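For clarity, chains are labelled A, B, C and D in written order, and residue numbers in each chain start from 1.
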Amino acid sequence: MDLLIQLTLNGLFNGAHFALLAMGFALIFGTTGVVHFAYGPVYAVGAYIVWALVALAGLPFWAAVILGVAATAAFGVASYLFIYRPFEIGGSPPFVVLVASLGLFIVLKNLIGIVFGTDVKTVDSVAYDVHFVGDAFFTTVQVGQVLAALLVGCGIALFLRASRYGKAIRAMADNREMATVIGIDTKRLSILVFALGSAVSAVAGSLVLLRDGLNPNMGFGAVFVAFVAVIVGGVGSLRGAVIAGFLLAFVQSLGMWQIPTEWQNTIVFVVLFGFLLARPSGIVRRA
Amino acid sequence: MSKNSVFAALLLGSVFAAGGAMAADPEVYKIGGIFAMTGASPHYGKVMSGGAQLAVDEINAKGGIDGTKLQLVVEDHKSGSAQAAVAGMNRLIDVEGVKAVLPSFSTVTLATMPIGDQKKILMLNGGGVSAQTVGTSPYMFNIRSMASDLAGGIAHRAADQGAKKLAQIAIKSEFGDATIAATTKAWEGMGLKMVAAEQFQADAANIDTQVAKLRASQPDAIANWPTTPQAGLAVKRLRELGMKQPVYCMEWTAEDSKVAGKHAEGVEVVTDYFAATDENPWSKRFAEAYKAKFGDMPDFYAANYYEGVYVIAELIRRSKAKGGDYYTGERLVQALWENPTFDSVYGKTLTFRKNGVAQKPVAVFRLENGEPKFVKFTSAE
Amino acid sequence: MEYLAHVLVMVCLYGILATSFNLLIGFGGIFALAHATFYASGAYAAGILATKLGIGFPFTMLAGMVVTAAIGLLVAFPAMRVGSHYLVVITLALQAITIDVLMNSKPLTGGPDGIPGIPPVSLFGTPLNNPVAFLPLAAVMAALCCAVAWRLGASPFGRSLRAMRENEAAAQAVGKNLVRMKLVVFALSAGLASVAGSLVAHYIAFVNPESFTIEETILILAMVILGGMGNLWGSLAGAAILVLLPEGLKFVHVPGDIADMVRQVIYGVVLIVILRLRPEGLFPETVFRPPTGAVLPTVPANGPVSAVVRAEGAPGEVVVSAKALAKSFGGIKAVKDLTIDLRRGEIVGLIGPNGAGKTTAFNLLSGFLRPTGGSILYHGRDLTKLKPHEVVTAGLARSFQDLKLFTKLSVVENILVSLPRQPGDNLLDVYLRPGLVRRAERENVARALEIASFVGLLAKADEVAANLSYAEEKLLVIARLLATGADVLLLDEPLSGLDTGTVERICGVLRDLARANKAICIIEHNLEVIRGVCDEIVFIDEGRVLTKGPPDTLMRDRELAERYFG
Amino acid sequence: MSAIHTMPIAEPLLEVRGLSAGYGKRAVVHDVDLTVRAGEIRVLLGHNGAGKTTLVRSVFGLIRPSSGSVRYRGEEITKRRCADNVKAGIALVPQGHGIFRSLTVRENLELGAYTADDPAATKTNRDAVMDLFPILRERAGQIAGTMSGGQQQMLAMGMALMHRPDVMILDEPSIGLAPNLVQRVMEAIAEVNRALRMAVLMVEQNVVHALPIAQSVTVLRTGRKIYEGAPEPLGDRQYLMTLF
């Protein structure tokens, strides 16, 4: 029973991390249609920048996160303007864009290794506590992950619902041509969602820096989870992506209750397989 | 059609170009290294190539081998790709003309071993610890104690300290599998109880589930078998989850200390004896030189490949002293068996046993302030 | 030399992988990203059979092909249910499961250790245990696999695949069995990939799970995209480039332990740059052109159609009899109580306001929708439970209002792909009876050109359908319908949007077809046309037949006119 | 054939000269002239594939014409971006789903005024649009995709009206609607034209419903203009037949 509680908590915390990753990816993919595979290394770049600001420049963690998030947003925008935009103008099919994104993935991942080195990066200047509920334990960082997912999620939801640009993003995700017809500048909005999506991933990256540390290869797993969550959640639905992020984490965690942990991936993907076959349009279907 | 003729032309080309003879006295002695320079765990490549390069530089600074310099040629196996390793191995032999290769990672060693065997290239592995690499080729040597040996040492250490129930956490790899099997055998052989053995994927983003299951099994002691840096991560999460039991590892690097932070305190590592202390001057000198060059303390992977280069240099020297066409893999192996004992950076000497695995002193270390402190020698068997 | 030979062996192996993957995604348009699974299956089959049972090379490969083809069939099932992004995720999931199974089935697969010591291929007693010795075998196998793939790509079956990729509904409407085609292409693509797997197992003498991860699938995908989808030479070129590029970069001297990362950065940049320069891939899809020596059509433009298509039977005989057809969608009754007879040599006009259920009626008759009530008899045979392609094969074909041309295929290919009973659609014949296929193809090309000539598109035969004008597109739709050889033709607005000359010509065609004993039903708004060609008008509104009769009688009906025009 | 009937001459608002356009290698519209005068309803007739949609889309800036020019109030706008055309007072109601289906009716209307800067004016406009189409006020909070086809068409027009255009281009507003709804939509268009004195360029296939509200007509066939002038001659069914 204790184990079950602990596994549930683990699912919740990891789900928050997945949800953050999925939100950023969903914003970009849902709005622009770009399968932004390099989302992974951009997220890693963000985390590394935060690390550099804390460990090398000696900034307080919160300040490093703010600067790191801003820098990652700029990075995401650059990836759109220099890589994806030219393909978009040329009317390239999505799979060509995907392979170009893959090229960017390889470039960024190795640049991280060259610039920051290949060793694991951690910060030990940030202290955090361990808490417990009954017999189940968790750390302040994990609470931070849940809070971040909550705050960022609500923030984005509010932004999309209430602001002019937010509505324009939803409009563009819904019907890109119609967005053009009513005078929305789709290029400017694409820049905006790349900035936003990348920024969200940097928030997730900052917390992972505290929890697990960083390595140059961390982007692959991240973009894989984000992509799967977005598809399972239903393309174009931010809510679906968040739900799917938690769902994946809970299956990953609770699925291990009675099954040997070396089958973790299999459990997750068998559930996923069955789910998508039963409901081929994802959790949240578009109107 | 035209496709076939292209291949025919290539084939013909290969026939003509085959059979270039090697000079008896090379300009430089090239030593090959097949390391994880890119991919999922490039840090291994960095420390291994760093250690090997340091040894090459030191030997060259002293004039090389009778005036002939050494050169390290590194090939990338992309953190475990058999195909990349085979391409690298072929390139080392064919293009670079190496006679000795330092492979790393068990699977890479397994994939390149048949080529070394066929081409008679001395292979000296200091990384992977799978038993599959033992005794299959006369050209294959291991300079690191096998996981199975170390596992026995750890089982005894844990039992000595009074543990009755042991739990294991391991990476899902040949290393993890071999270690779990050997430890379980040794532990249960002593009539004690194994309460859990959890594994996770090499690229797992998060190992909290495994740690939670470990905790639920309520062990007296924990055997921690991931490789760097998850060994450190596992310790961190175990301690954060309030587990105060003794933790034993067989791999612990500076990386792991960094990841585990303060939680590393008191963790015990049972491994090849490597301590940079005053009693062991070479070890100390090596550690200082490495730190001066790379800014970090060397881990035992750096030491193994550093030592490997010295072993190969010594073999070339011995072989050359006997004259003739001395620079071949066969002659190097021959020189090894004539006297299988070498000075070791780990202290004293290392001796290759009949199965090609070097016997080194195995010791228990305890981590204090992130640094391993020597506790005692232990039995590896 | 070993090194060069090794690199070339790798080019051969990836050539096989990329080519077979291209069949699936470039020809079939099926984005199933599990190719490394097929590759792994071939490799492990060889490794297990050779080390555990002592079986030798060609047999390990053949067994691997069978096993892998079976796995391919399994993957085909989800591929029929879901499309696009969902298929990508499902197959990526399968890929992850594959790695888990390989890692965890230790007794069989050796787990993470993999299987070492796989014996080399032995030819005439000589073991091919080094790259130079192995290269000829790799080259021959690559040539064979590419020949198999190329043969398929260039065969009528390959053409059907590309048609399916362009438009699944239209492919069904010209009689293609999509289920069978998907199964076949999956099995074949997987089987070919497994050849590369068994070769690599015997060549490297070692297999382990890490050689077959998602990254491997992504690499093969990059080869196909880079080379150009739908072009097999492109896949070979893509494989060669992505194998040779990193090897070539090894000769670029970079100091320090970051050398290989710098090379990877260059590799990534080159990949992006090539794609920027050639966004459609290095080699675009080739357009089929009929051989120059093809038999020239004997039928002059707009000549007597009976030479091309002639249905047997007595004029006036009822061919199709639909009784009390009904169809509801979630409670809304789109069609209720529709009864209609089609007779040989007669043209029936289906008229009625927008939303009256005309197109739904066509969908019901042609098997695209299954009626919720009523029956459709064709020569007394019940059609209601048949799939669309079976209905076409039975002898009833339809066109679509939105045309649904195979836009990337040429005009003559659009017609060719629609011809019935082609031996080249059967893979066994493609490979085992090439003479029969070639003869049939020659006849079919001649026939297609005849049909093209008949509708007046001969001059455009080589043109890609995407480049046709609207009128030409409409003509091609008729041509495609004629090519199916069905004796009952349902045409959904064949004349709308055409100038008077073309309308006249198509009307002439329709009358000719009727004279050739076809039973025809058209949906049309143009009353002039209807009066000109129809023998009977069926007026439907709100999903039921309001009235029917000869055009002149009906058109005098004031009430009807009022209703039709609102 | 040219216009014989004279009509009240108002200033030309939108002038298209010699416009050709298409997709890729394929030309769909050939050398078409078209004028929309202030306050008139011009109906662009023609069958499927006649090039009507391509024509209006290239006028609006969604497709780049291969040759020819478009002038609006005498100003060259040929290759201008849609956003600029919207600001200048041109609105397009595209065929089919001219709305954002996953957004509410109110959000759709607000987005219609995306380029407008004055929130107060936007609010006034919204009230005016809702007065014109009361159903939109009734359903303000509803997700647009869940409304009926006719209501969606009203919403699409409402969106176009949100920034008070001077000319509204409608692409087949009757498509997919039941006959009684078509009638209602046409009445609404006439009402908009009358009440707001707004010029309308309407693409239609449905001759019967479109002609009664038309003030002038252009007919396209296979990408070329074959008739331009008053609607009355087309009322004669026989004459229409010969045209089509």
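Quick note on the criterion: a contact is a pair of C-beta atoms (placed from the backbone, for glycine too) under 8 Å apart; a residue touches a chain by one contact, two chains touch by 3 or more.
Note that the coordinates shown come from a computational prediction; the quantities given were computed from them, not determined experimentally.
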Exercise. Chains shared as neighbours by chain A and chain B?
Worked result: C
Problem set entry | Interchain centroid distance [CA atoms averaged], chain C/chain D, Å | 39
Problem set entry | Centroid distance [mean C-alpha coordinates] between chain D and chain B, Å | 74
Problem set entry | Distance between chain centroids, defined by C-alpha means - chain A, chain C (Å) | 37
Exercise. Distance-wise, how many Å sit between the C-alpha centres of chain A and chain D, to the nearest whole number?
Worked result: 42
Seminar exercise, completed: Listed in rising order, chain B residues that touch 2 or more other chains are 38, 42, 45-46, 172
For this session: Hunt down the residues of chain D that sit against at least two other chains at once, touch-wise.
Result: none
Exercise. For chain C, which residues are shared contacts with two or more other chains?
Worked result: 103-104, 261, 264
Exercise. What are the touching chain pairs in this one?
Worked result: A-B, A-C, A-D, B-C, C-D
Seminar exercise, completed: Within their complex, chain C touches chain B through residues 1-8, 10, 103-104, 106, 111-114, 116-117, 129-132, 135-136, 139-140, 142-143, 146, 200, 204-208, 210-211, 236, 247, 250, 257, 259-261, 264
Problem set entry | Of chain C, residues touching chain A in the complex | 25, 31, 78, 81-82, 85-86, 88-90, 92-94, 96-97, 99-101, 103-104, 214, 218, 221-222, 225-226, 229, 258, 261-262, 264-265, 267-272, 275-276, 279-281
Problem set entry | chain B residues within the chain A interface of the complex | 38-43, 45-46, 172, 198-201, 203-206, 208-210, 212-213, 215-216, 228-229, 232-233, 240-242, 255, 258-259, 261-262, 296
For this session: Mind listing the chain C positions that touch chain D in their complex?
Result: 353-355, 401, 466-471, 473-474, 493, 496-499, 526-528, 565-566
Problem set entry | Residue numbers on chain D that touch chain A, as the complex places them | 60, 62, 81-83, 85-87, 92, 94, 97-103, 107, 110-112, 114-115, 143-146, 159, 163
